[in-house]
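As written, the chains take the letters A, B and C, and residue 1 is the first residue of each chain.
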Amino acid sequence: MVTAIAIVRLKDLFAVIMLSGIYSLLSASFFVTMDAVDVAFTEAAVGAGISTLLLLVAITMTGRAEHPDRHKPILALAVVTVTGGLLIYGTFDMPYFGSGQAPVHLHVAPRYINDSMTEVGVPNIVTSVLASYRGFDTFGEVVVIFTAGIGVLALLSVVPRPVTIAKINSLNDSLHEQHLILRIVSKMLLPFIMLFAFYVQFHGDYGPGGGFQAGVIFAVAIILYAMLFGMITARRVINQSFIQLIAAVGVLLYGSIGVVALLNGKNFLDYSVLSDDPIAGQHLGILLIELGVGLTVASVMIIIFFSFAGRRDYLRHLNDNSKGSNNTSC
Amino acid sequence: MLAHLPVLQVIVPLLAAPLCLFLTRSRLVWVFALAVSALAFLISCLLLQQVMSSGTIIYELGGWEAPWGIEYRIDPLNALLLLIITGISTIVLLAAHTSIQQEIPEERHTFFYILYLLSLAGMLGIVATGDAFNVFVFLEISSLSGYALIALGKDRRALWAAYQYLIMGTIGATFILIGIGLMYQMTGTLNMEDLSKRLPEVEHTRTVFTAYAFIIVGICLKLALFPLHLWLPNAYAYAPSIVTAFFAATATKVAIYLLIRFTFSVFGLTFSFTALPLQILFLTLGLLGIFAASTAAIYQKNVKHLFAYSSIAQIGYMIVGFSVSTTTGLMATLLHLFNHALMKSALFLALAAVVYRIGSVQLSQFHGLGRQMPFTMAAIVIGGLSLIGVPLTVGFVSKWYLIMAVIENGWWPVAVLILLGSLLAVVYVWRLVEAAYFKPPLPGRDTIKEAPLSLLIPVWILVIANIYFGIDTRLSVQVTQAASMSLFGVSP
Amino acid sequence: MGHYNYWIVVVLMMIGFYIVIAHGNLIKKIIGLGIFQTSVFILYISMANVEGGTAPILAEGISRYSNPLPHVLILTAIVVGIATTALGLALAIRIKQAYGTIEEEEIQKKDNLDC
């Protein structure tokens, strides 16, 4: 994991972003060796996928060269050394790595491992903890994503300009010549990516996966489409305000499952009320909330990407109109 | 439904936020958000009443009992915080519709209200929960929406302020995450109640010490404790006025709450104050904060900056009370928390009215406003008096208790320093009064009128609250006393 | 054996932290933040590991599983991380547009000149 050090030194942001993608991928493979398959899946999709993509779109707007810094790094170095030293100091009393006798393995967790099958009835323990035992955390997580989506929209949304069909066609023609092979291959791939997203969505009970990962994969499919066929075409296929509503529906779906439990006299997010048999209820509840997670995540990722890309088009448009006239005073 | 109040407190604003997207008109969204916030306020009143009469309320989310599931645990301290947050939020929202007309472009109004509700829900979630990791999740909800809200400010410096806040806030949150991880590693649990039972067994270990240090530093970043306050003045000065009024009154209070909760409930008093030289550290930082920030406030040209620095100084007073670590000291901190929320929301809301009329908060633009906007300026003056700690205002009550607590401990020099700090407040409030009442109005500004009623009414509700709670201290004293006693494990 | 794993994590964490506080480029700061957070994730996942354990998906004939709880926490934390990154980038884009630069020093200089 020398990648991290290279990131510090390099000035070209493009290379830095690529390296940070590699870093994420390496951590993901580390997570696999640590038996954290769900986490690895997510880290690969998010760290190496979505966030690299967003960073790349961002640098197309902000420029890729980092200025040589004239900072005095000594203070920063001192802060870092103190913090790191404190952490190292803290590690001395930690239980040994991989030790089965560590407190984390003796308290709380054993119940998940031993009883989750009878209490929740889902083989993937991560899913049962995520969606049921600590379902409220996951609800919070969905809201965090929703918040980010709304935040990005509030910052970057621009009123879309009307586009004529002719312009799209001309754009399409030019793209056709450029990326013909890419476009045909990806057109074939797209349905499979989406199919895989659905598989991950509904198979989360049994194997690694679930709403979050599925949402990301689904969003990637849409983004791929947008990148190859142009933003304008993609916008026509997917309506902006419609996606915003989907994002809201995802959160509301999750929340309303909780409210249903409330109305039946049980506590918030107690899924056992959803069916006569508590286990079946848990099953149904997990399925539904995972769907809510998937909906929100996919739509927010698409919103964020479209806002970023839409901003880029908007800037380009501004530049075309007012070349040379610099008006950044206050 | 009464049994579900703790969770309703949080999920009502949380679920209302996405619903806003379905409403089309900005005015409608405002009415809806206001209704939701008022409902949350009602819930918090009921909760407080329940807690005061029958003790701590525990609510198991998902029906899973505590260390396995997440629980909400409402004791007098949480209930007080919930009341402050929802109360201030409702009054501030009352003024929002008028104020943001001038400051935020029309098409972003819906987003503004959604983010506002999310931020509210996030803060309520942090306060209500009894689970350490859940704190982190809701902290992020409130912070992310906070960054976006600040960035909505008109001035381009709002963006830069929001970015700096984002970096500092995320570092703080990550520090807290590291701390929680280390605690979990040593105990195997995330539930605060369970942690407090299991930590004593391992409290001598270096890992727990590190965990505590990271959590405290992380919280202090969020708290803007001197010298980690650098992000705060710009964030407050360039955010939309409504956002400033809301955050100044609530966001740092939530951080203080976390500090108290982790120090007293999770780690326990004996550990917290013996592991680190915390008492002397906080006392020094608190006092330094009071003086450095009050002095900085005197030299500000922007009135929002002035009051932002004064906020940092007020945080200093709370930290001093905290460092006394007796029931009276803690009570003073909590009282000041309650009172400062009232003062600062009144002041910043009055500034929102000034911005609405003259579009600026530079001190030089305040000349002659005393005659042109008499009610708004009167509100600012009363708020300022309260900041100083003049009798018959809330500021007096908390200063009184703080000095009592310090003297009880025999710290005479500290008491003198606190009084000196108040003198600095006199200076910066006087500069404002001088500009507004003793300078002739600027040329070409004869047409400035008093702010509209939709802004004046919320401002004056808060001003009257400032005076009312300064005279009738029964409610605030009773609740803070119960809260600090329950933290010290004494039954009232 | 023993703690070496945690030490590597600490070093990685501090590299990320250093990038955040020492570098002036806004995008690079966000990347640093990402590295900082990812390293914290590794810390959590490391503590979940049990020697000889398998992934926490119940199956016949296996009795030793890794601890699922940190996995769940980190899933949540990853999501929070991407949310922060997205918002930070959105801010950086707006800053570039408003100031014409994304270098900390230059922005500060422009602010001092202002008004």
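Rule of thumb we're sticking to: a contact is a pair of C-beta atoms (placed from the backbone, for glycine too) under 8 Å apart; a residue touches a chain by one contact, two chains touch by 3 or more.
None of these values were measured; they are calculated from a predicted model.
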**OP:** Go ahead and name the chain pair joined by the largest number of contacting C-beta pairs.
**Re:** A-C
Original post:
Where the centre means the average of the CA atoms, what chain is farthest from chain C?
Top reply: B
**OP:** Could you give the separation in Å between the centres of chain A and chain C, each centre being the mean of its C-alpha atoms?
**Re:** 14
Original post:
Can you give the whole-Å distance between the Cα centres of chain A and chain B?
Top reply: 31
Original post:
How many Å are there between the centre of chain B and the centre of chain C, using C-alpha atoms for each centre?
Top reply: 28
**OP:** Provide the list of chain A residues touching at least two other chains, using ranges where the numbers run on.
**Re:** 87, 91-92, 94, 102, 104-105, 108-109, 112, 134, 137, 140-141, 144, 147-148, 151-152, 155, 330
Subject >> Where chain C touches two or more other chains at once, by residue number >> reply: 13, 17, 26, 47, 69-70, 73, 76, 80, 83-84, 87, 91-92, 94, 98-99, 114
Original post:
Do you know which chain B residues sit against two or more other chains?
Top reply: 133, 137, 140, 144, 147-148, 151, 156, 178, 184-185, 190
Subject >> In the complex, chain A residues that touch chain C >> reply: 1, 4-5, 7-8, 13, 16-17, 20, 23-24, 27, 30-31, 34-39, 42-43, 46-47, 50-51, 54-55, 58-59, 61-63, 66-67, 69-71, 73, 76-77, 79-81, 83-84, 87-88, 91-92, 94, 96-100, 102, 104-105, 108-109, 112-113, 116-117, 123-126, 129-130, 134, 137-138, 140-141, 144-145, 147-148, 151-152, 155-156, 206-208, 212, 297, 304, 307-308, 311, 315, 326, 328, 330
Subject >> chain C partner contacts - residues on chain B that touch it in the complex >> reply: 133, 136-137, 140, 144, 147-148, 151, 156-157, 159-160, 162-163, 166-167, 170-171, 174, 177-178, 181, 184-185, 190
Subject >> Partner chain B, residues of chain C touching it in the complex >> reply: 13, 17, 20, 26, 29, 33, 36-37, 40, 43-44, 47, 69-70, 73, 76-77, 80, 83-84, 87-88, 91-92, 94-95, 98-99, 107, 111, 114
Subject >> Residues of chain B touching chain A in the complex >> reply: 1, 4, 7-8, 11, 14-15, 17-19, 21-22, 59-64, 67-70, 107-108, 111-112, 114-115, 118, 121, 125, 131, 133-134, 137-138, 140-141, 144-145, 147-148, 151-152, 155-156, 178, 182, 184-190, 198, 202, 205-211, 213-214
**OP:** Report the residues of chain A in contact with chain B in the complex, numbered from low to high.
**Re:** 86-87, 89-95, 102-109, 111-112, 132-137, 140-141, 143-144, 146-148, 150-155, 157, 159, 244-245, 247-249, 251-252, 255-256, 258-259, 261-262, 266-272, 330
